[in-house]
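What follows is a single structure, written as structure tokens, with notes after it.
Order of writing sets the labels: A, B, C, D and E. Residues in every chain begin at 1.
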């Protein structure tokens, strides 16, 4: 029992931490630096707790205490680790970012903590309405973070779009939950699974419709086609560290619950496989096409995020509900998170005051002036593109392996084709940084230490993750 | 407090056959349903949000009535108090607070086009859901006894089985609190 | 019974070593203080002389063996061994190789000596001898190599040297172009050779790839493959030995120094084709069709070249065409399966043609690199030794009895007649007359009559003895070489043919004495007619005639070079340019370019969909949803 | 009859969708979303009645809480929007595109 | 000779390169370091060659589990197929450091990384490991081209990078497919190359992935019609990169075909070999003919290289021992000859500031040693007997005829096509009269001369006495055709096109 509580400790630490920071931020003495440090500390403690939990290898269903609403599995722990790490790096790069962009208050950090709380809960929740609540905690916090620069109309526009569409998707989720409840009299994954096992999935239309609406909401949050259109605008409008946070932690949480929901029973997975198949194909290619036309780095990364969603959907298509461990998804998410956070960490100290460096051209010749940063960014881009020996490659490799072993050869090949065409926009930044002469001296970049440290730690992660053997 | 459902229950008790009972419930249902739909249509159609909000309140109240018909006593109350009461008054206050002039409102010349187009697009979704619902057994909705949907019973459910989500709703409510302060509240210069 | 000896490999090695040593000396000293020419001269002659001595030893050794087992072999090392394909770097001396060995080293040595004088004063003296030694070495590999593949090494090696020596005066573009032409045309032939080998290997399989094994296994070849191999080998031969249609390089090859023309482009290298056909007599003997093709190609080449030779201005070109023509005879000979006759003609031809070339070289040397016969005249007074030796050579070439050329040519014509190839014989007789005509046309114009260019005439003089002595030696050879193979009608016993018998698969044709005499008379008559015509036209001195009609056509060599240029060279270049300018960017690369362009276009087009209106994004969602529900409704039942 | 409740829920839900995609007024859009949530709640209650299972009521309560939270944040955003442009038109906010 | 010789050969250069990149070393130090490391590799390479026992199987094996759940391991080894590619990669690089003395630090560092990655790709006995190194080796080339290339370098860089990555990603799919098929057939995971030969692949999917492999390698080789990146890339890349690309990387493409396609996809290869062989032959002729139209020396050599690669690839597709052995042999021969030629062109460019054939002339008179070396390399490249180029080319033609008469006949035309442009180039650059550009042309310095001398000697030795080299290859190639596989039957059948020549013993 104490062990079981230990498993929930990260969630509790972060949740309580959020409340403490929230209260503390009412005090003048609680400056943003202190807030950042304490937030990072809270996240770090939670991370270490989670790590020790992961090492101990315990899992718990909490059937007595929480009516099986929360389930801690290896997958949820891995996802939690990624989320917590993303949180730490986001906080650290925020420090550098807010030296140049002065609109921060200490509430920023408590919102980060709340968002992480929601995400952690999302990874563990095995019940639809809990998932909905966790999703809303996370989403509401992130909405605020996106619009944090409230003097900037762009930022406000981003939050408007995100909020309207997010709530819209949330409404579908509610409807879906209602239908599933109508079909099975429960919203618990385990019960739904048993119901499907007993009655079949395709034989229960209400379940089809309900799970359809639930999937729609999840696909929306994961930015899959045709629910992807908000991504570029929202990522573009959000502050850089928040963008990084959304791209990594949020996606991790969503995919965690997505996978958990899909594998409640074979019938569920089998029922949606065709749709997910086509959605993942469209997601990859639409993402690529959006990315190719972008001039702004953030928008490009947002669009590439859509493409990565496509790859993750491949993994979802290929998972098997019998012995689901989610390792492929977790690995890919970790690899993707390391690279994405790295780029956003680098951007947060490179982009300058008011994010004045946004486009590819703004980074021309960076390698001549700041070779290490440029090298780090290149490594992150290569990881995203899936070039070995980076983590991105291994992630992609595992995804393709799982797709082919599940018999989805066409999907694997199309994924490959998509990553071929995605090469262009990743290389484009490298080419800008390395092969063009500098047009400016990048002299205004503050010698902040935290964000570059983050960047290089993440470079290390990119390689370390790739060498870490996957345990299926 | 919740006299209305009691009345229905009384009605049910008073007749042996229950035909009138059901007819009366149906009649109530259709009344509420029509009101709800009209209110919702008003929400979608009214140009000024204030009108829309008022019309939406009508819908919410009608829905509350329907919840009562479905033996959900607690929800019936909550709908009136929380939804129609708190949330909608907040919305209306904000609408008034912003002091919206007609010229601030968007000029939606193509509104009808979008409405009709929207209706066409939505049609398959609606039909799909209808098709789903039709597969259910169409039971009668007579009032369930045993305090079904009563405060105590729902409360026990809530604290026994739904503790975790319930607790986290606390955090959920904190977030917009902080958010509203951050976004719309006064902000001192950077600390 | 073959005998394994260990000195055969040394024969080509000596000149090759010489080439390396001289070449390195030259390369490292040419831009600094030059070594004296004597050093090069002596170094250059050591190799050929040593090889000649060893060749004599080989001959002696072979003589000592009984005729049916006259083989000496020397396997130096395993060369290529891949699966069933096993070739060793082996050498084989049999009577045929020995004959070639002797005259190649002998004439090679003489020409090296001659070159010491001829090349004196040249900047690239050392380079010249390095190439010459390299050539000789390669030629010896060609001759001695045991198996087609080793032969091919020498075959290509002599081709390379030929190229290097033709473009020896490399500052002049025309020379280099001539060199390129020689190499490329030879390569076309080599393609035939290589393919022939490949076919042979395909057909024979694991049976071994030296001559002995091949001749044993030749019977196993499917007839189709045997024919293909024969014809492909012959294509190789047409390249190296300048037969139709690949003869075009040889006249241009005269751009090289004259000793080169004598050694490579008259005496030795160009006869390699004949040698090859004779070497593979065990194959050709079984494929009559191939023989006929060879014979007819040969005799037609002889005719064509003779026609050209009658109209040339350039002394070396006349000799070059005469070489082509004589090579044609040789092929006619081997084509009618008279291998020994063909080989014998190679042997005698080596003497008299080397002699003629060296004589021409002396003249050119004396006249300061003047090669146009219409600028010469009356030189017999100034250059008596050259005159006498050249006339001897001319008589031999023209087939005047009892000079060497008469016997060898007569043997070929006789064999053609005796085997029933009357057409070949007839053409041969005509060509014989034409040979006599153009040979003496040249002699008369150059040596007789008046001097046409007085200034050059005044400076002309007999060259130094280092050049004249080889002339004399060769002249002696040109006179007497024919007696080695006197046919029965002259009381001989076909000594060379008998010597060659173990190496060749041939049956000497037997006819009545009457036929023999008839053929001899016809040959002599042809010679007489040719000589008479030449004397009547040019004997008393003549001026350069104006050409018109056929003669103009012939003077321009039937425009064959131009035709080749139009039909092959220009289209090839145009094709190259087209590929580079048009096909590559517009066809091959088009899918790639098109794909990337389409990709960019789509990318830009897609920006439109990101309209920026939140409502539009919601519409996307709903449209997507409603489409999906449409599909889902289908599955709901 | 229970179907009728569900049909009503569906109608309201669809009306909500139409409201979101057809209207540009921010308030209307948000309220349309609320309408959709209400349709969901109605469905939940109806299913609870169908199965005579009170979890539906709990779920409905929670959805209400979420709706309230969302509404609060939405109103904050609306105020922010109004501060920037004094307009309630969603189409005004289309600086980010492409 | 020690246990981890291959690992050292892989990671010594890579780590040195990375360290050089990370530290602010001067270009002089970088060059010396690079030179020393490459010499160390050279010594190790020779040591390895000497101790190579030609058993036919993998030697110097290192195996370490990496991802046990998928059977991926860090698995290295050398056999007769990759020995010579390995030699090319380990022996030729010191030349670059000696010839190009004044380049930036990154230039040398990238070269080191490229070398390590190439050796890794060559030695890898695990498919995933192979793929990783295969991709890594492109990166230094990408940076070298983009940073130090010619004026039009960026489009060329993008083209080669995306083109090759496209190919290799397809290969990744195919590799995964093999691993998965292995799992399906033997119920255990493995990505070891040697295990794949046991697979029994058939059906449409196998054909699809067969072509994935083929396209990946075809792009790298490059095989017609996937060669279009090559002229630009070879021309715009700095000469050292061109050297690496043409001399070694292209060979790794061929090596890949031999390693992956021949043993694994035997059925599919037998079916499509004729198509691929035609592609090789057409490419050889097409590029060879296009070369004649080039004015830029480097571009001409680029086409020449592509042309020869067509022949080498053909040798692989002929599916018999002669052709395969010839291909492997020709890999080294071509690496030495064309590699050296590219370096020579680099020298010419640095001395005359021009690569245009029009601007040059008469160099032979000014620089006889240089001309001699150039000529030897050139002759090797046109396949003159006595040079290394002949042996391989001849064996390939030999095998090609066995495979299919017409393919063999057209393959033979390489003898002609090669000399046409090469002689033309030699004429215009080395012969004829000197001009102001070349009148002060300096001959090779002592260092340069000594740098090239071993390679030139190697060209000649390999031409005259190839047996010791061939005998290292043949045990492995013999194993490839050991069983009476359906492949052999099929290849003979292609010759049925030529009925009158079909072998029938009398």
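Going forward, contacts are C-beta pairs under 8 Å (C-beta built on N, C-alpha and C of every residue); 3 or more make two chains touch, one makes a residue touch a chain.
The model shown is predicted, which means the values in this text are computed figures rather than measured ones.
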Contact distance in steps, from chain B to chain C: 1
Separation of chain E from chain D in steps, with touching chains one step apart: 2
By number of C-beta contact pairs, the top two chains: B-D
Longest centre-to-centre distance from chain A, chain (CA-based): C
Chain nearest the overall Cα centroid: E
Per Cα centroids, the chain farthest from chain D: C
Intercentroid distance (Cα basis), chain C paired with chain A, Å: 77
Euclidean distance of C-alpha centroids - chain C vs chain E, Å: 36
Cα-centroid distance, chain B relative to chain E, in whole angstrom: 73
Where chain A and chain D are represented by their mean Cα positions, the distance between them in whole Å: 26
Contacts with 2+ other chains: residues of chain D: 13, 16-17, 20-24, 26, 30, 41, 46, 48, 50, 55-56, 58, 62, 66, 69-70, 73, 77, 80, 90-91, 93-98
Where chain E touches two or more other chains, by residue: none
Multi-chain contact sites of chain A, meaning residues that touch two or more partners: 129, 133, 136, 140, 143-144, 147, 150, 159-161, 164, 168, 172, 179, 182, 205, 208-209, 232-233, 293, 424
Chain pairs that touch, as defined at the top of this document: A-B, A-C, A-D, A-E, B-C, B-D, C-D, C-E
Complex interface listing, chain C residues touching chain A: 599-600, 602-607, 609-610, 612, 614, 616-618, 620-621, 623-625, 628-629, 631-632, 635-636
Contact set on chain C toward chain E in their complex: 23, 26-28, 30-31, 77-83, 85, 89, 149, 152-153, 155-157, 160, 163, 167, 170-173, 176-177, 179-180, 183-184, 187-188, 190-191, 194-195, 197-199, 201-203, 219-225, 228, 572-573, 575-577, 579-581, 584, 588-589, 592
Touching residues (chain side chain A, partner chain B) in the complex: 15, 18-19, 22, 28, 30-32, 66-67, 69-70, 102-108, 110-111, 114, 117-118, 121, 127, 129-130, 133-134, 136-137, 140-141, 143-144, 147-148, 150, 159, 179, 182, 205-206, 208-209
Complex interface listing, chain A residues touching chain E: 375, 382, 385-389, 393, 396-398, 400-401, 404-405, 409, 412-413, 416, 419-420, 423-424, 427, 431, 434-435, 469-472
Residues of chain C that touch chain D when the two form their complex: 607, 610-615, 618-619, 622
